[in-house]
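You will see chain A twice below: alongside chain B first, and alongside chain C after that.
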Partner chain A sequence: MKSAQFLRVVLGAYIVLFFAYLFGPLILMSITAFNSSEFPRVTPWDCFSTDWFNVLVEDKRIMTGLRNSIIIGFGVVCLSVPIGLAAAMMLTQVGRRMKSFFYTVVVSPILVPGVVLGISTLIFWDRLGTMFDASYNSVFYNGIFLSILGQSTFVSAYCMLVFTARLQRFDPVQEEAALDLGATNAQAFVKILLPFLKPAIGSAAVMAFLASFENYNTTIFTIVSESTLTTVLASKVRFGINPSISALAVIIVVLTLICAIIHEAMKRQEARRAQAAKDERVVADYASVGRFATSPWGIVLLVFLAGLGTIWLATRYDTASCKMRLQDERQLRLEQSTPSTPAVTPGAATPGTTTPSTTTPTTTPSGSEPAAKPYQGIFAPQNLDQVAPKDEGEAAPAGEGKSDGESKPYQGIFAPQNLDNVAPKSD
Partner chain B sequence: MSVDVKLEDVWVRFGSFTAVKNANVTIRGGEFFSFLGPSGCGKTTLLRCISGFQEPTDGKILFDGKNMAGIGPNKRPTALIFQNLALFPLMSVADNIAFGLEVRGIGKAQRRKKADELLDLIALPGQGDKKVGELSGGQKQRVAIARALAVEPEILLLDEPLSALDLKLRQHMRTELREIQKRVGITFIYITHDQGEALTMSDRVAVMSEGVIEQVADSVTLYDRPEKPFVASFVGENNDFRGRVTSVSEGYAEVETSEGLFRGRVSEGNRDALSGSGPASIFVRPEALKIAGTATEASNAFEANLLQEEFEGNMRHLVLESKGGQRLRMTLVNDGHVLDYGPGSTVPVVFNPELAIVLPQEA
Partner chain C sequence: MALTAWFQHFFKKNGIVLSIYLMSAVLLWMVIMIILPQVFMLDFSFRFNLPPGKIGGEEDVYTISNYRFLLFGSPGNPDPYNVIDTTVFFRTILAAIFVTVFDLLLCYPIAYALAIVAKGGTARLMVLSLIVPFWINEILRAFAFRILFGSSGVINTVGMTLGLWDTPFDFIKADIALYAGLGYAYILLMIFPIYNAMESLDRNQLEAARDLGAQWWRIHWRIVIPFSKPGIASGCTMVFMLSAGALAAPQILGGPSSLWFTQIIYQWFNTGGNWPRGSAYAIVLLAVCILFVLFMMRVFKVRIGEIGR
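So, the complex of A and B:
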């Protein structure tokens, strides 16, 4: 009896630990996205803030990287899925000895380190480009093109594995039946095999996109002079990060969650329909609230409402005044330690100046008129101009340095002498 | 409407294995023709040759005199009903039935109309929107038939389509298949290892063994006048007395067996093979064996030991052991008489030469 209880406690603890291990980092990171502190952290908590989303959207490098990542992702999907499908179909047709050889060939890119794939792709196309005497603007040196090709080498192998798993469950007699009924080979493929493979195509496409999206070691070489999200983030981590990356993570996590929930809901609805059809009960009572709430559209609606609620809550919370208070406190402390520090606040009001206040961009403008814009002016268009200049250029990292004002958290943001300490770190 | 199918010297080899050996058969238009044989005898291979999934290694397949070599399954006027039916699980019943029309580019409304007609024909009216998975075994069976009929084939090929059904349903489907065949009037070529199916449904049956077509005949002839030892022992039950031919006279032959000298019928085709005292068998059906005294014709007589009696209501099956140690089966109609012999007793057995068949055995 007792040992059973003990076992349950241990099991419970293990499960808690396991989930903490899985989701702890994600949750922590998500929280840092809402802290106004310039370095992603949870403690000490400064102010609740949604500014980092703004900063993220304004960060041109991240946005360009994201755009490139998405383009490359789609390119990889369009290339890898057909190649993987063709390879998988080939595998089911050839003889046994041929099969193992072919399998090895297709799967080998997975076993080759991504770095090697990246370098070899780059060198190969560079050689080709030299051969054809192509300019650096040509396709031979186009980072997006090379990345699509380089990533597709191994992503198509993943796709093939997905497709072979599905194809093994396909009854080839079905194709014969289609042919026998007068279908051409193409018709049998489109009308019989493709519908059967549809779920596999879906998952292969999603997997290909994600594999491409998160790839770093191959992309870092093949991307040449461009950048993708991963390469931008990697360089950011090296040169100092701010919570806008957390904001990006929050967005990705939320999107993933929404997709997963919708997918799950659709699956359950499908199962319920099948069950209902089996029981030969008419699905008439579809109007019930519970049913709607668990239907895909109901869930989308709920998520949408939750989003609206969050925004509404955020508008209610006055980040600006909080920051003002914090700033005042700091200034007070600052003045106590270094009385000579000039007040920086007025400087920030003039947007163009490279005030070292990168990461607290919206703070200052709204600081001058705290009561007027509760939500910190995120939605005020004129703010865009003010924020923009701060993000680009290497004036930005100056902000980061502030976090290292010894042991004092926010400390000395506006102390000009700190700039010297910071400078070597940024860039 | 219906088409003659002619197989001329058809051979099919897979590597060193020969699946079909020199098949020669003509299937008449509008006929219900069966290939009957144990599994692995090459009947499915032959069917695949006719449907176009398999090219014969040698020989010709002619539809109404036209050589079918090189013509794919989708170009032949045949429709095949597969052993596992191969219905398309992702499509509705109506879409399954109308698939052949869809790939021919026939419009949706017309397809639906045809599907509904066929659903009426197979007695599943109004079930077109169901998923295939929601049907019972017998219903799937009928949908497969409807799907094949939808393309209006001139030859319908059926590859053991009833083997997955339970006994009751199988018997019901036999009658139904036969009726459908009469209604649509096209050639049915049916493959089975179940002689009950073959004999009850078919106009003619080809019995196959190890790639060879042994005999082609109607059911009655196959049963009563087998031409080959394999046919005699495969179709129905038979008692096989082995021995040597002693004399052959018009229509009859005498065989010296361990039980004595027996007289039996000889067909024209086997007459030459039997002359010259070669090894031969005399086949007697269990129902042709009688107990002496109850039958008048006693020209073939011997004695056997009664081992066991199985009572089946309308029939009595006796298991006998002859003096030479051979197991025999005798079937008596239960006409109300009490059997005079108990297990262990010696039974005098007789049979009519008219009902005994002498066939040559390979040496």
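So, the complex of A and C:
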């Protein structure tokens, strides 16, 4: 008995750890959106700031990408939901032999790597275009059109699976009854089958849109010269990152959470209603405030109010003065550390003396950190601490940093955190 | 003969309008969107890289030079085979296997908890919180890992504050960030097939085993795992295929010295400007992945039919 309890505790602890792995990165990323530091990070914390949201909204490339993503998303929904529905219905009507072949072919796009789907779509339309001698402005080379087709290839399979699951619970007697009573096939389809499938159509459409919206592997090939939100994000993340991407993540996380809460609340309400109908008695009208708070719209309202509250707090918080203070502190430390730490002097003190105004020393170096990745470790504060007490030979890299302070790999040397950490040592 | 009879039956059952809709939608999907593009890609991979004007001309003949290049490199290559590309290829496959095993170990307990242990509301809440992170863009998820594992990232800061290590450890160069990010990306695809298979397990079997004094690991080894084998197989298949074909995570989280095979394919299409060679590489990747999956299914005695459950 004891061991069973012990196992439960272990499993519980594992689940907690697992969800920490699942949510931890997302939470940390969201936090970095509110740090004024140029590089997305949680520690050291500079100032609370909502500036990155402004940077995000003013970014033209992201906004164009977003627009294209939404267009493609709608295109994919319009194409893959009808295809998925038709395929699911077809699956119920073909013979056994045919069925397994058909199923293998249409499910394969889920397993085939997205890269391959993108490439094959691109090549197919490119070759068709060459065959028809089409111009480069024609539909054969249109990134949005190709992306809709390429993504629909596998999104349709998702939709089909959703419809197949729902169709398994369909009672064909209903349709037969309608046909016996003189309805045409089309009428029976529209009046009986479609209403039955309505929830599945809804969830298939949502899923199709989300799958299209977040797709990268297929889109990167089919998009040709256009861009979607995902491809813009990818190129931004690859070539230098700043917290405006975190700000976008915050928006998406919040939207996702709202959708999830609404979904859950609606399910609960449905279940409650079903229960009430079953019991055939009026559910006690418990405190109406509590009821509103757990209804979907109540929750949306609460979330909305919380958002407004955050924005209000943000406007009251003076980021600019905090930044100023931070800068002053840094300069103070810089001045203190200049005369007394010999190991730091060659590299770190130079910018302080040459640019006494220190207009942007807090920002520029850390902004270029990603480029400097491979060598960044060299000038981390701990290294300096270790190097300082030793002989001059060990400290040689610092001297090198001075000679070509312009070159990228050594830019980390000017990172303000180095100074922060070194300063106390000097006392 | 049987086919025409089937068509007659089909049209009679569905009526003209509905039949046309079903037929055209399914044909559009199967033929124009799935089969023909794959066939064209296969065809294209056997051709020379020609400028648009020469396509369809005299020089447009079949060749296996693109496949030969993957194996042996350019003619002037001093090595007996194309060291860079083949190394990257095998490393990608190995890494994908590693990610698959990692995900299986990670997700099995969760699927078990979800299917057997958790009840009602808890289970539903768990499912919801499993799904929510996956509505967030793939790129943003990889970006989150980059923040987490960067040299001034949270893990380095915490580790150094606790005194576990004293210089910032380069997780990105060591590919740890990549594995963590890839594993993260396909958690759902591993959990749900296993969960689906496990859910139909008769709890009495577990009770009986327990009453007969079986240890917990023995119950898993002899009952739960064999029963959920089809789910495990389809989860592993999906995770393996998708991580071998992943592009976003390796581009963002991959170290400077470690390429993923899809990145080479991407280079042929993008900067390399040699589409036929890129398609040949893609075909090789696809074929090897499929063969590997079939081989593993043979080894573990799982039939393909069981996977679709």
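The rule we apply is simple: the second predicted complex is superposed on the first by the 312 of 427 C-alpha atoms of A that agree within 3 Å, B and C clash if a C-alpha of one lies under 4 Å from a C-alpha of the other, contacts with A are read in each partner's own complex, and residues count from 1 in each chain.
Assume a residue touches a chain if its C-beta (ideal position, glycine included) is under 8 Å from a C-beta of that chain, and two chains touch if they have at least 3 such contacts.
The model shown is predicted, which means the values in this text are computed figures rather than measured ones.
Asks: Put chain B and chain C onto chain A via the superposition and say whether they clash or fit.
Replies: fit
Asks: Of the two partner chains, chain B (first) and chain C (second), which one does A:Phe196 touch, if any: first, second, both, or neither?
Replies: first
Asks: If we overlay the two complexes on their shared chain A, which of chain B and chain C does A:Val116 touch? Say first, second, both or neither.
Replies: second
Asks: What is the contact status of A:Thr184 with respect to chain B (first) and chain C (second): first, second, both, or neither?
Replies: both
Asks: Have a look at where A:Val237 lands relative to chain B and chain C in the superposition and call it first, second, both or neither.
Replies: In the superposition, A:Val237 touches chain C alone.
Asks: By the touch definition at the top of the document, which applies to A:Ala86: first (chain B), second (chain C), both, or neither?
Replies: Second partner only, chain C.
Asks: Look at A:Thr310 in the shared chain and tell me whether it touches chain B only, chain C only, both, or neither; answer first, second, both or neither.
Replies: Neither partner.
Asks: Answer with first, second, both or neither: which of chain B and chain C does A:Val106 touch in the superposed model?
Replies: The second partner, chain C, only.
Asks: Any idea whether chain B or chain C touches more of chain A?
Replies: For chain A, the partner with the higher number of touched residues is C.
Asks: One more residue to check, A:Phe23. First (chain B), second (chain C), both or neither?
Replies: Touch status of A:Phe23: second partner only.
Asks: Once both structures are overlaid on their shared chain, how near does any Cα of chain B get to a Cα of chain C? Whole angstrom is fine.
Replies: Checking C-alpha atoms only, chain B sits 9 Å from chain C at its nearest point.
Asks: Across the two complexes, find the residues of chain A that touch chain B and also touch chain C.
Replies: Looking at chain A, the two contact sets intersect at 184.
Asks: Flag every residue of chain B that touches chain A in the complex, lowest number first.
Replies: Residues of chain B touching chain A: 51-53, 72-74, 78-80, 82, 84, 86-88, 90, 99-100, 102-104, 131, 134, 147-148, 150-151.
Asks: Help me check something: in the complex, which residues belonging to chain C touch chain A?
Replies: Per the touch definition, chain C meets chain A at residues 6, 10, 13-15, 17-18, 21-22, 25-26, 28-30, 33-38, 40-41, 44, 52, 55-56, 106, 109-110, 113, 117, 124, 126, 128-133, 135-148, 150-154, 157, 160, 166-168, 170, 172-173, 184, 187, 216, 237-238, 241-242, 244-248, 251-252, 256, 262, 265-266, 269, 275, 278-279, 282, 285-286, 289, 305, 308.
Asks: Under the touch definition given earlier, write down the residues of chain A that touch chain B in their complex.
Replies: Residues of chain A touching chain B: 171, 173-174, 176-184, 187, 191-192, 195-196, 277-278.
Asks: Which of the residues in chain A come into contact with chain C in the complex?
Replies: 3-4, 7-8, 11, 14-15, 18-19, 21-26, 28-29, 32, 39-43, 82-83, 85-87, 89-90, 93, 95, 100, 102-103, 105-117, 119-124, 126-127, 130, 149, 152-153, 156, 184-186, 189, 210, 213-217, 220-221, 229-230, 233-234, 237-238, 241, 245-246, 248-249, 252-253, 256-257, 259-260, 263-264, 267, 369, 373-374, 376-377, 380, 382-383, 386, 417
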